[in-house]
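One structure below.
A, B, C, D, E and F are the chain letters, set down in written order, and residue numbers restart from 1 in every chain.
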Amino acid sequence: MSEIRRAEVLLEALPYIREFRGKTVVIKYGGAAMERADLKEPFALDVILLRLVGMKPVIVHGGGPQIGSLMKRLGKEPKFVGGMRVTDEETVEIVEMVLVGKINKEIVGLINHHGGKAVGLSGKDAGLLRARKRKHRLPTGEEVDLGLVGEVELVNVEPIRLLEDNGFIPVIAPVGVGSEGETYNINADLVAGEVAAALGAEKLIHLTDVQGILDSAGKLVSTLSRKEAERLVTAGVIEGGMLPKVESALRALEGGTAKAHIIDGRVPHAILLELFTREGVGTEIVL
Amino acid sequence: MSEIRRAEVLLEALPYIREFRGKTVVIKYGGAAMERADLKEPFALDVILLRLVGMKPVIVHGGGPQIGSLMKRLGKEPKFVGGMRVTDEETVEIVEMVLVGKINKEIVGLINHHGGKAVGLSGKDAGLLRARKRKHRLPTGEEVDLGLVGEVELVNVEPIRLLEDNGFIPVIAPVGVGSEGETYNINADLVAGEVAAALGAEKLIHLTDVQGILDSAGKLVSTLSRKEAERLVTAGVIEGGMLPKVESALRALEGGTAKAHIIDGRVPHAILLELFTREGVGTEIVL
Amino acid sequence: MSEIRRAEVLLEALPYIREFRGKTVVIKYGGAAMERADLKEPFALDVILLRLVGMKPVIVHGGGPQIGSLMKRLGKEPKFVGGMRVTDEETVEIVEMVLVGKINKEIVGLINHHGGKAVGLSGKDAGLLRARKRKHRLPTGEEVDLGLVGEVELVNVEPIRLLEDNGFIPVIAPVGVGSEGETYNINADLVAGEVAAALGAEKLIHLTDVQGILDSAGKLVSTLSRKEAERLVTAGVIEGGMLPKVESALRALEGGTAKAHIIDGRVPHAILLELFTREGVGTEIVL
Amino acid sequence: MSEIRRAEVLLEALPYIREFRGKTVVIKYGGAAMERADLKEPFALDVILLRLVGMKPVIVHGGGPQIGSLMKRLGKEPKFVGGMRVTDEETVEIVEMVLVGKINKEIVGLINHHGGKAVGLSGKDAGLLRARKRKHRLPTGEEVDLGLVGEVELVNVEPIRLLEDNGFIPVIAPVGVGSEGETYNINADLVAGEVAAALGAEKLIHLTDVQGILDSAGKLVSTLSRKEAERLVTAGVIEGGMLPKVESALRALEGGTAKAHIIDGRVPHAILLELFTREGVGTEIVL
Amino acid sequence: MSEIRRAEVLLEALPYIREFRGKTVVIKYGGAAMERADLKEPFALDVILLRLVGMKPVIVHGGGPQIGSLMKRLGKEPKFVGGMRVTDEETVEIVEMVLVGKINKEIVGLINHHGGKAVGLSGKDAGLLRARKRKHRLPTGEEVDLGLVGEVELVNVEPIRLLEDNGFIPVIAPVGVGSEGETYNINADLVAGEVAAALGAEKLIHLTDVQGILDSAGKLVSTLSRKEAERLVTAGVIEGGMLPKVESALRALEGGTAKAHIIDGRVPHAILLELFTREGVGTEIVL
Amino acid sequence: MSEIRRAEVLLEALPYIREFRGKTVVIKYGGAAMERADLKEPFALDVILLRLVGMKPVIVHGGGPQIGSLMKRLGKEPKFVGGMRVTDEETVEIVEMVLVGKINKEIVGLINHHGGKAVGLSGKDAGLLRARKRKHRLPTGEEVDLGLVGEVELVNVEPIRLLEDNGFIPVIAPVGVGSEGETYNINADLVAGEVAAALGAEKLIHLTDVQGILDSAGKLVSTLSRKEAERLVTAGVIEGGMLPKVESALRALEGGTAKAHIIDGRVPHAILLELFTREGVGTEIVL
């Protein structure tokens, strides 16, 4: 590619840099983008570039195979109620150690190694994620006790604001703290939505392992309204792991986030592609 | 005690509050004070009071029995070279999970539960503790490779300052990051000394499980000079776990810390007693 | 008392320090607390401690036997109309000299001597207390001219805010200035109420020479509503010097002060006892 | 005078306004300018104009006939040692009441009544004038005890700076406070010199009841060097009340004040004439 | 004139200085005041004095004989449609060069030469004057195309505020920029009115070559209401070059400017006379 | 080009963005880059991108064919002395009109039209370029009077700093003002060097119509030392219009500018290529 073409590519980013300057972008990091070795560096560079051109990226990450692997090594037998995994105290302790003491630190280290200034936060830090027990109801209507699975009650944005206003990149582990100090494991997708809502973020971006949301014909939906989303949920087209992502997106939008996206994290630089090209990638959710 | 006597006690703290207002106090937290259930709340309250009357406490914590316990459960066999434990990659990973994902979070949760605003930091956050491999020499003069045991190369005080200047209490886990992004386990006592030096802290306080430093006659030394300290080390009177504490204290003093103390963490409210009474408790180290 | 018990006493103050941090507390200083030698230092220390733990005390003081003593020495004959003392120009001049040039300076000197940073203010400074002639009506309904006895028309909080926001303790003498520059002697209790109202103070505390407000049976009333206060006034149970204190308290509450207290200034450290203990002392007035 | 001529007069002040903008001017106020009814308003207006065009006037005032008059009324017999008045405790108390509670308040009221924002300060406020006993030696070489006559040990400029940086005009009474809290009467001329030195004022202006400094032939000296001043003192040409004024001027210049003037306060608007005309009035002292 | 009288003249300005301190005064500069050599320096000094005593003058200037002279030299033939001059592209280019590159620079140089800090601004700088084509209708009702004659669509006050808040005097040339980047020549009187409205200026002052607005009897009107103005326009008493001045004044008043004046710029120091005397000069327009 | 490749191009700019963030870059704009229609937009976009990613570009522009063209139209005959053009008063007036009123405004309009916030400055604005007559010596040693050709005596960086610190892009016309207010035409290359020196700019970039500096063999020199530059000047290899550019570069470097470049402005996006690629383009001058 000629040097001049390179300059033009830079300049094509200009309107997007101008648009997002000073704005907060919450990124839910997980799946292949977090686990595949070849996708880690592109992710780190993307986040650092956002920061350098004046945006304020905030990362929320999920767990991964490492939780299950440590549980297995510790001989921890999974318990299920009505098909749902029960999180007892020992489990939540393992989850916290892996999320906060391993995955979060790997992400922080990755970004810093490439020149960013990331700081990890657990939901316990400064009471960032105040949580309560999540009530779970089976399809039969029966309520089941899943143990220490929580939902976000309140996001204390103070430490996030302090970090992002001073040039740092906050990296948040989805662990919450209850009113009695107890630890809750919370779905990372939902945490990302709550954080985006609390910050009034400009954008919420979910990195997933699929192209985006597909309709019943298996075709990528580029824009999805709340109504349509509800229809696809009822029809069972949106299901499984995509459900909390859609719930998270809608929650963020209701809380004042301008745009929510579900994109394909398997594509290198998916974040830049979403932010710096006209068409974007994946599915955009709108109210 | 009469109400008036209570007021007088408050007022007796006045000169100390005035003296330490706006000053940073680094506290190495560990031993009984961290492990005994009845000493946790007094510690948390002490730290919160310091903050409320205008001081800036910074906590550095060590590990504890939890590291060994998790290693045992994972069937991890300890390796020794020349009597020293070797820290391989798997070990450092376990250490990091326990320090950052468990102990740090317990301390943060404890302080916040009593009304403080603690934020946990690993040495990886914003490159807080840049580390390198620690060279270890046996008494025979032979150098041994202990693996991923590190020493502090550089403390990046930026995130600590940001937090302490905005009303937060930083709680630091003694994990360092090398120039290639590798993880190092670092002695928490030495981390505390380096952090106090880098911050130009007013005080460094080590909470230990002994009364302070004892002389060869077993009597508590209330003030210890560098020279005397070196004599007691050579004489083998100061030994074992007390060695890094003395090294840490001297390092802090050389770096500009005004006073360094080794005190008895088994006494409830040892921190307040040290800061708010004329005699102080334990041993003060001076240059 | 053991050292540990002392630390506990400090910690018992923690919730109150947290609650009142950054809040303004107006203290009406007078009576025994101002005149008895053994009560002066406790008062000064109390005020300095409030300041050091982050509160903003503002002192309003009254006169005392010194005014009468100077008048007598100057051979000034008191004049009365309908049983009320008439304040002519010569009298108001003496009152101003004693209040501003003697009593105010003694209080300022007392606080500074113990390490505070007090600055005296007369109601003339920066037009702090704009006053007008107080209309006085005898029980017979007849209006009498008491001369230069004033009432507060407007409080200019600007110099108070400037001082309290910069670490100083304002000490206010109850002298007002009229629209033509004339000097008014104003009841110090009422000045304290107006100042508390204008500042939107958190608390107004009157130091008196009685236990608090007593009911018709002579029993201390711990909480007194406006309605009940009016009933006790009508019944003549609240009378004499207590009347302006109750009027002042109600005025402060109407102006946005959160709580008003009438306490026993003869008890050493009465201010700390009121602020730092659960039960408080004396009578709390509520709207 | 035509309107256009009026505009020209305004413009002739332009270079002086530009030169003194943001600069501190210490004015020693006393004598006729303070006592004659017709000179009070011109003084107040001059000071207010300085403030409005961006200068920072600081007033130091002396006493006056009022002190003697009150002493007489109180039947206070003057005591002399070697021809010098002795100030006992009762005397210093009267002095303080008159200076702080009467004269200071009159000046503050005068300036505020014409639209300025004056705040009175005693040397006790915030420890503004830390004083010690002045040693006095008779011409015979014998040292005499004059009681509570002080000299300035230290000027705490903090409250002056706070006031002048926030649009207020500080008015300082020459009363000092000793290390034991004792009150000292200090010569107002010398206080003005110390305050000018401590503030690094641009100018010190003494308002006197003479034209300026006269030489042995009785002719006004427009510029006086330190050397020449010393010669005139030795020769007895400068004597009496002019001595402390010259001492004060030299002290200010040594302390960094740019210019010191001794001018004729009997001329209305003497301050404006000095500041806003090329020739100035009276005598300028130079190092 | 005696020196004391001079001081009194200064003091007579005091209430006006106080009133206008920190306020923005927009001055439309043109006519004799801009063209006559003997009036240039008085204008510059007036503006500098305003700035020094704390006001914020903003200058808007018009063109002058220099535009016509350059056009003639360039052999540019004037075109007229229905008696109105048509501004083609070549003409607007000449206008811009003379206004921005000559007249504006002369004014800036004049003020700076006398010690002010003027900065010239064209309506193109930072998009200060966003303009659109002015629709012109002949008395017959027919609309004519006058070419690049514009009217103000939007004033971007950002650069003006930045300059005036930092001690500079903005000098604005009445050239606007269209949405396609095209240049418009705009009537300077109207620009002054729009700028005053956008800034919420305290005053708008038009310097003209007449005494003010005259009524049908040729007598100066000292205050003119909107209603009366409309009547005089309809009656043809206000006509020609006075029309845009009255329009400008009314526009400013509607936009929040407190007072608008049309004064005689042929009088030296007309600005000071208007601002610093009770009666003012010329005509004041009111809503 | 694939979308992913586009993202990679963006990321390749990351180290340069990081390096130059917050730094001032002075760009001498002229020649083809300023005159060729197809190069104007790329220039504007480059400058805006620099600003958006956190750099502070400052533009200094030269004249162009427009000056000669206006002179010709005005029938102005060029005068020469010893082969050098003489600038009389009429000429400098034309030069100022074209530079300030035409070229400067075109550049400002161009940048603003593409979304930047440019503000034009003449050397007269706030006394930005204080100039004096340039002494010119012919090769024969004879000194000739070239009239109003100036050289920079002092750069007042205050208005540049104010603008660049508030998000604006200053665009400077090379017109200076003498101590008597007279106008000077100054070589734009030299102005750029002085401005870069005064600002302590990170970089000075000259856009020229050649590849860079060529050696005697006609080969591009990529790095040129001062010594080598002097040799090439003496040898006549560097000559004509390149002489002031080299002089300007050396002046900037001496004044503290880190790097100076002479690059090929005929290449689109030459600025971005210089700043955002490893090799850079053209010639770098070093001390």
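Brief remarks follow.
Convention: a contact is a pair of C-beta atoms (placed from the backbone, for glycine too) under 8 Å apart; a residue touches a chain by one contact, two chains touch by 3 or more.
All values reported here derive from a predicted model rather than from experimental measurement.
The minimal number of chain-to-chain contact steps leading from subunit B to subunit D is 2. Note on connectivity: the fewest steps through touching chains from subunit E to subunit F is 1. Because subunit D and subunit E carry the same sequence, their contact can be compared by residue number, and over half of the numbers here are used by both. A straight line joining the Cα centres of subunit B and subunit C is 48 Å long. Remark: subunit A and subunit C have CA centroids separated by 57 Å (rounded to whole angstrom).
Counting partner chains per residue, subunit E shows two or more touched chains at no residue at all.
In terms of which chains touch, the assembly is arranged as a closed ring, every chain touching its two neighbours and no others. Across the complex, subunit B is touched by residues 1, 3-15, 17-18, 21, 42, 45-46, 48-49, 52-54, 115, 267-269, 272-273, 276-277, 281 of subunit C. Those residues of subunit A lying in contact with subunit B across their complex are 73-74, 93, 96-102, 104-105, 108-110, 112-113, 117-122, 124-127, 159, 162-163, 166, 168, 175, 177, 181, 183.
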